[in-house]
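Next come two complexes built around chain A: one with chain B, the other with chain C.
For the complex of A and B:
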């Protein structure tokens, strides 16, 4: 059995659930949600046992290297968590949907997941475009899902307009790259760019437009303005999905595209590299500095997600580094793997607070340590890791990025990243302090279901274990290095 | 004789007009039409590049296959987009960009 059967299976399950929901309206949302989760979990279990062989005709646009397999697993894990988070937040969410139903909320994440898995394997720009749009169009619906809430609807409209704008820019960029290099295939584009006869202005124009289009998707400055509004307005499970899944999918495409643009002897290599460094530094700063002045924790997490995108861009800008046994794309994958548990844990905490009738502002966190010490501890672990405290998973990702920048001598970018990280410490620990030192109102204790406790505890444990002992994850990603070198 | 340059100039003008419309217009439906125009500009550029990139004396059809995908995806995007805009109009009785300014930091 090959891996693409899993992708097809996930998409078909999504369609099947959509049909079941449409023709059997009395089916309970628990059944739907658990079926979707069972399908995703089954695919996740089967993934390591799937062969990486595929029919010859697919080789042209679909590849199954270590990185592709890693991001496929990543997409399945985040989809599973989001489906579960949706079930957990359902009583609150249904107040804002039509007829109090969650219809497509369980089938659309599956279809999105299939798109992300397909994107991880993309080998040419046509595949990238189609799978990226599958993900983006599904997200338009998901973001505006709580349509009786003016906030969700507004977020949906903003995401729609800016997402469609980025699509237009992306396709125009693809057209110019094709015009300059005569190919849609990443490997062939890399070869054409190493040829001095290729028109440099056309290639640079196309590559810059493509990076702008992708910059929108991963929330890179100066195209990050939509992120705080959309993250704040979207339902919390969707925000977690956007923040982790959509970002990871954007970064795998960026990794592939940059492998071509920054290939050995590329005529546009130095310009693209400079562009990445500037965009990465700006993104880290423009994410972290405004975050210091936020009052809503959801908005704060949105800005933090922007600054993480900045560190990831900087990681991509440092190509092969002699110090590590993993390549820059491996470091990005490692960073994202550590980013997943801490972000999901943060949004899970927010979702649980919402489900208990609390708001999402920093002041609502006051006295949380008294009302529910367990939740306060989990949020502390999540925020400490997002800030990059040593002995948490978030620290190692940042350390790799900073060391890489120092090795290459990009001191300007490094100082921007350090300032952004310092600002990060300020706003995360400000929120943690509010939980522990400020006296809260005397609202009753929060109740958390047993399943939530188990999942949240597991996520927190993963953060701490990866922070102390990251070797297993690095080993998986180190296998990727020779494959990249051979290309 | 119409050359590749002519196609690219027209497509560049379409793209610039679309982008200007997205930035300047206040009505969301018109903004959305301008977005579609940007996609058409990209399609025109793709077809132009494809026609003038000959492989064994025939146009290279890779780019034209992307045009078909773009048209399909744009149709899906319009379907979802208009549904969201209609939902917005039902709630706010307006499709002006000024009606979506509630979310602020």
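For the complex of A and C:
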């Protein structure tokens, strides 16, 4: 069995659930949710045993290298967690949906997941575009899912308008690139760009537009304005999905596109690299500095998610080190793998607080250590890791990014990243301190279901273990790209 | 499995056990006592050897090469002994306090042990950060001041130490990039040192990098002018945290300079502008902070400021860079750690019983608490540098070792030594004044204290005895070091 059957299976399962929902409206959401989770889990289990052979006609636009396999697994894991989070938040979410039902909340993530898995294998711009749209269109629906909440609708409209605009820019960029290089295929584009005869202004214009379009998707400055509003308005499970899944999808495409744009001898290599450095530094700063002044934790996490995108862009700007055997795509994959547990844990905590009738403001965290010490501890681990505390998973990824920047001598970008990280320490630890030192109101103790405790505890354990023992991710870090293999 | 791994893991596991509900006092005392025995046994085994011993390396990442590597030489063992001694005393003297006091003490001590006994730059840095966090939290949660004020103090310390750690991280990243030979980044200190021997940096660059590390490590040690967090933090911190941070954790910055900066950048401290800057800064520590200390009017302020001041002597040894001075620096690191922990521990007891530490309100305590007075006298005299107590050995070696190469004209270094000697006089002034004011003279009505029970005297007796033994027989420690630098 080859891997692409899994993607097809996930997509079919999504469609099937959609049909069941439509024609058998009295089916319980638990059944739907558990079926979706079972399907995803099965795919995740099967993934390592799948062969990487595929029919010849797919070779041209579909690849199954280590990186693709990693991102496929990544998409499955985050989808599984999001489905579970949706079930967990269901009692609260249904208050804001039509007829108090969750309906497509279980089928759409599956379809999104199939899109993300497909995108991980994309070898040309058409595949990228189609799979990206599959993901984005599903997200339009998911973001606005809480129909009766004005915030959710506002978020949905904002995301739709800006998303559509960015898609337009993306297509425009693809057209220019095709015009300049005569190909949609990344490898062919890379070769064409290495040819001095290719028109540099046209290629540069196209590549810049493409980066703008993708910049929207990964929330890179100056296209990051939608993030806080959309993250705040969207239902918490969807926010987690956007923050981890959508971002990872954007970065896998960026990794592939930059392989072409920054290939050996590329005529636009230095310009694109400068663009990445500037955008990355700006993103890190514009994410981190406003986060210091947020009062809502959900918005704070949104801004922090922007700054994480900044570090990832900076990692991409570093490419292969001149002296050391480290590839930027490996670092990005490593960073995202560590980013997943800590972000999901953070949003899970928020969702659990919401389910207990608490708000999402920093002041709602007051006295959390007394009301539920376990949840307070988990949130502390998540925030400490997001801040990049040593011995948590978040530290190593940042360290590699910083080392890469220093190795290339990008001192300006490095200073911006360090300032952003320092600000990150401030706002995360400010929130942690509120949990422990500020006396809360007399709200009763929080209750958490056993399943939540197990999942959240496991996520926290993963964060701590990866912080001390990241060896399981060694393969990811060494994600061998053709460029490295050739070297 | 290396014995060092057990030594590092024990306090951390004990902290975890206490967190999960094990009997706090028994678990903490048991773990720290076993640790002390293990360190002493390791020291006996190490005697006569040189280089790293008890090494063990567990690969964690292949590329970049990252290992959980432990190993100890004489200097690390001396600091491990300091940590276990102070940790045992700190845990022991806790009375009627929530479990978090035990957990925090064990975490700080365990983090410090990790930083001293691992040989991988990544873990050295990470363990130190691990130890810092409980320090901040304990000051903010249980500090001895109004909530608003202790939070402000905790924030100040966090910002200074956080910024210092970031500068340090930048410096260490530079070190790792500069000295990783071959095609793999490596964090292994031995490998970095070997590469530094093979391909030393140009002298000017060594100076720049050394200065960066000096600022980073220095702000952790309260090097002037990055010192202003220290005095309020120690004065506010709960007693075991003050003992552990001023006694042990602060020595991490010095240890880092001695283990990382000086061996990798052998000429860094001797570059003229770096040395002059260092001399100015350490004179700030000794003279400026000495004068500040003289003007303190509360015991905790005096102790906190004196602890900042005494760091100046150790930096003097680094500026001179001779073997004798550096050995003296290690000796003084140990002696200062023990004596300041003793003093902070006693100071905490006084605050509990008396409710005030103002000199103007206290007097004549010796008549009711003779044993307490004797113990305090040990700390006082050690701090002044009285012969027979171990601080004297360290200070003497530093001054003698630093005043070398005199050929008729006095260099900046010589002038600094001459000026720094006045610090000894200032120490005598403020410590003796504090001692006389608190324990002798007339009794103030309403403020008197009695001796603690014998079992509560034991931790302080242990520290005082350590000062006496290592003061009379400094060779016990000095023989462990063939050379101060690896």
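The working rule: the second predicted complex is superposed on the first by the 472 of 487 C-alpha atoms of A that agree within 3 Å, B and C clash if a C-alpha of one lies under 4 Å from a C-alpha of the other, contacts with A are read in each partner's own complex, and residues count from 1 in each chain.
Methods note: contacts are C-beta pairs under 8 Å (C-beta built on N, C-alpha and C of every residue); 3 or more make two chains touch, one makes a residue touch a chain.
Values in this document were obtained by computation on a predicted structure and should not be read as measured data.
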Review point. Quick one: chain B and chain C on chain A, clash or fit?
Key: fit
Revision key, fill the gap. For apex chain A with the CA centres of chain B and chain C, the angle to the nearest 10 degrees sits at 140
Exercise for review: Determine, under the contact definition given at the top, whether A:164 touches first (chain B), second (chain C), both, or neither.
Suggested key: first
Exercise for review: In the overlay, answer first, second, both or neither for which of chain B and chain C A:459 touches.
Suggested key: neither
Practice item. Answer with first, second, both or neither: which of chain B and chain C does A:403 touch in the superposed model? Key: second
Practice item. Return first, second, both or neither, reflecting whether A:324 touches chain B, chain C, both chains, or no partner chain. Key: second
**Study point:** First (chain B), second (chain C), both or neither touched by A:395
**Key:** second
Review point. Comparing chain C with chain B, which touches more residues belonging to chain A?
Key: B
Point to revise | Touched partner set for A:276, first chain B, second chain C, both or neither | key: neither
Exercise for review: In the superposition described above, what is the shortest C-alpha distance between chain B and chain C in Å? Please give a whole number.
Suggested key: 25
Study note, to complete from the structure: Residue positions on chain A within touch of chain B in the complex are 125-126, 129-130, 133, 137, 140-141, 144, 147, 150-151, 153-158, 160-161, 164-165, 167-169, 171-172, 174-176, 178-179, 182-184, 228-229, 232-233, 290, 293-294, 296, 299
Review point. Which bits of chain B are touching chain A when the two form their complex?
Key: 8, 11, 15, 18, 22, 28, 31-32, 35, 38-39, 41-43, 45-46, 49-50, 53, 60, 62-63, 65-66, 69-70, 73, 76-77, 80-81, 84-85, 87-88, 91-92, 100, 102-105
Check your understanding: Which positions of chain C touch chain A when the two form their complex?
Key -> 59-64, 66, 68, 122, 125-127, 129-130, 133, 137, 140-141, 147, 151, 158, 162-163, 166, 169-170, 173-174, 176-177, 180, 183-185
Point to revise | Touch list for chain A against partner chain C, complex | key: 323-326, 389-391, 395, 399-400, 402-403, 406-407, 418, 421-422, 425, 429, 433, 436-437, 468-471, 474, 477-478
